[in-house]
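Multiple structures are listed underneath, in structure tokens.
There are two complexes below, and they share chain A, which is joined by chain B in the first and by chain C in the second.
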Partner chain A sequence: MSRWLAEVVAVAAKDLRAELRTRVALNALALFALTTLAAVSYTIGPFRLAEEDRPFLLAVLLWIVILFAALAGLDRSFVKEEESRTAPLLRLAAAPSVVWAGKLVYNLCLIVVLTAMLTPLFCVLMGFEVALPWRFAVLLAAGGLGLAVITTIIAAIIAQAMTRGALFSVLSLPLLLPLVIFLIQGTTAVSTGDLETYRNSLRAVLSMTGVMTIASAWLFPLVWRD
Partner chain B sequence: MSDRISISFTGIAKRYDARVVFRSVSGEAGPGEALVITGPNGAGKSTLLAILCGLVRPTRGEVRHLGAGGEAIERDGWRRHLGVVAPSMALYDELTAIENLRFFARVRGLDRDDGALGGLLESVGLEPARRTPVRGFSTGMAQRLKIAQALLHDPAVLLLDEPSSNLDPAGQDWLEGRVRGLVEEGRTVVLATNDRREMEWGRRHVALAG
Partner chain C sequence: MGRVGATLKWLLLIWMLVVIWAAFLWVPSAQGFKGESSRIVFFHVPTAWVATLAFLVSCIASVMYLRRRSPVDDHRAAVSAGLGLLFAILATVTGAIFARIMWGAYWNWDPRQTSITILLLIYAAYFALRGAVPDPEKRATLAAVYSILAFVTVPFLVFVVPRIYFSLHPDVVTNPDPDNRLDSAHALVLLASTMGFTGLYAWLYSVGSRIEAIRHRRRQEVL
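Up next is the complex of A and B:
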């Protein structure tokens, strides 16, 4: 188990090191997130929404920005391996489970950076008030993990295809939408202080993430080898 | 080298949709032998090599990797004993030479410190460039690093696709000596080439018609 973990860390560290040197995915994520946030805060801002609608509408806007920023940058993990012809040697050197888990950790790191950068800015610029801050952090973490799990397996599938950009969004959205709906419910609840709805939403997000993790771990070797 | 492995393939055919690459190819190479695959451009030499290392499935036919006792090794286990050098397989441009070797050592579960990796780089003439990103390498230097990567885990089987390409004459001499030495040590070598000099590295030959 410790050897497997060391190999997973090696794959994730390799991708992070390469990303820090090129910043292709980070720039795509940051550019999309900041541009969208700037446009939303300029046109809507903190005061153009009715007080009673604000928790829900701001939760929708927050997760739309995170979702589409993730779609803009997270397909790179596998596409880059195929485009730069490094995938064959990786297939020969590493076990499929190691590659899947390593890429998942890498995508999770990118989402953590994205949400850590975006969420405080969003709260300040949009005047989004959070009544349950620690629970909001837990929900963001669970949502980030769910996004990473789904985008990792979809990125692996579309890396084999010719029309990658469009396919990533088309395949990801049906899987991500139910997750995002529960994340919006939960985020609305942490804003209004509705603990019961928060717990139900978090439970749904964790369940969906768990199911997708098991399905991805089972599916990935088939996608990666053939 | 811990294992002595043979490769045998029988009746291998490959087609992509309507295009037939080859129909029925057979051959074998045992420990201490080099098998040379030849054929004109487009005959499918690289495809056959990719089939032998398990990266591409044949349309028909069977590839078997056999251990010292003649027992078949499962496809999932092939990667442990294979070292591959091919033009279609690249290393990581953003990483340095030593970082590439360190990464491949770690994902193979090998315990190699930087001293050992530096020794390997020195053996392929890349020690002075150990901290240079591969992006800054010439094609010949990148080829030397690919060879180092293929030898990293002391593999029992080497699959080489035009391994001397892009190497200078001194590099070609070094590689020929190294491959002949590996064969004498009991490794199994399969070589796909059109180079007359490389064709002489092995006694067994398989010619693809094209």
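Up next is the complex of A and C:
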């Protein structure tokens, strides 16, 4: 078990090191998020929305920005291996479960960086008030994990196909939509302070993440095997 | 297809004609619905059921493919997903007509409408994936994996999303309140219609699978 963990960390560390050299995925994520946020903030700003609509509409906008930024950069995890022709070597060097978990950790790191950078900026620029800050952090973490799990397995699938960029969004969006609906519900609830709805949405997010984790852990070796 | 198959085909035709006759002329119009709008339930519920069944069959065929690696299973999964998409569109259209009559608009993003839209998107994405992989074996594997991933999100769409948001969608089949259930004549026609549509699905599925088998054989001959 500890050996497995060490190998997972090694795969994730390799990807993070390669990422820090070129910063392709990080730049894509950060710039996409910042550009969208600038456009949203410029057109709507902190005063344009009616008071009673604010929590819900701002929750929708926040998740749209996160979702689109995620779709812009998270496919790199596997596409990079195919493009640089390092995938066969990785197949020889590590067990499929190790590769899957390592890439998941790598994608999760990218999402954590993205949300940690974007969410405070969003709250400041849009005047998004959060009544339950700690619970908001828990919801963001759960949502980030769900996003990472789903995008990791889809990235593994589309790395094997043609027209990768468009296909990544086409395949990920429908699977992410239910998750994003629950997350928007929960984000509205942490803004208004509605604990009951928050708990229900968090439960839905966690159960969907759990089901997707089990399904992708089981299916990944079949995709990864040449 | 032997004599039994031909007989079954004719039986299916007669069965469906009787169901259509009963749905429009025999059953009295249900209480609490505008005009004759309740009759659409005899077509809406069976098509929705067949769509779910077809997606389930596609998922099972995908699991079988990943186990046995036989191209036949891949063809079955694709044919069944296509039929599921067709019947899901039929269920969406019949639902939208009912929504127009009862609630005043074809589309209002009721949770049921939201979840069926996502379902249609998922299976449309399944065919987009199939189109993007040229190698047949790789295509079959990736499509099977995506089909299974798609199927595990279905419970969230069908059961969780409509429960979190308020829905106008009537709940006459599984409603725990006995006053709100279907009476016996309606239940009988609904059951007959569901059986008829299931038979129709089985027939289309067997035709589709045979067409795919012929195409596969032709491709083998050309190579």
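Operating definition for what follows: the second predicted complex is superposed on the first by the 225 of 226 C-alpha atoms of A that agree within 3 Å, B and C clash if a C-alpha of one lies under 4 Å from a C-alpha of the other, contacts with A are read in each partner's own complex, and residues count from 1 in each chain.
We take it that a contact is a pair of C-beta atoms (placed from the backbone, for glycine too) under 8 Å apart; a residue touches a chain by one contact, two chains touch by 3 or more.
For clarity, every value in this text was computed on a predicted model and none was experimentally measured.
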Which of chain B and chain C A:167 touches, first, second, both or neither: second
Touching partner for A:7 - first (chain B), second (chain C), both, neither: first
When both partners are placed on the shared chain, which of chain B and chain C touches more of chain A: C
Touched partner set for A:111, first chain B, second chain C, both or neither: neither
Which superposed partner A:216 touches (first chain B, second chain C, both, neither): second
Which of chain B and chain C A:157 touches, first, second, both or neither: second
Touched partner set for A:184, first chain B, second chain C, both or neither: neither
Complex contact set, residues of chain B against chain A: 50, 53-55, 57, 79, 82, 84, 86, 88-95, 99, 103-104, 106-109, 133, 149
Residues on chain A engaged by chain B in the complex (per definition of touch): 3, 6-7, 10-11, 14, 17-18, 21-22, 84-86, 88-94, 98, 226
Interfacial residue positions of chain C with respect to chain A in the complex: 66, 114-115, 118, 121-122, 125, 128-129, 132-134, 138, 141-142, 144-146, 148-150, 152-153, 156-157, 160-161, 164
Complex contact set, residues of chain A against chain C: 153, 157-158, 160-163, 167, 170-171, 173-175, 177-178, 181-182, 185, 200-201, 204, 207-208, 211-212, 215-216, 219, 222-223
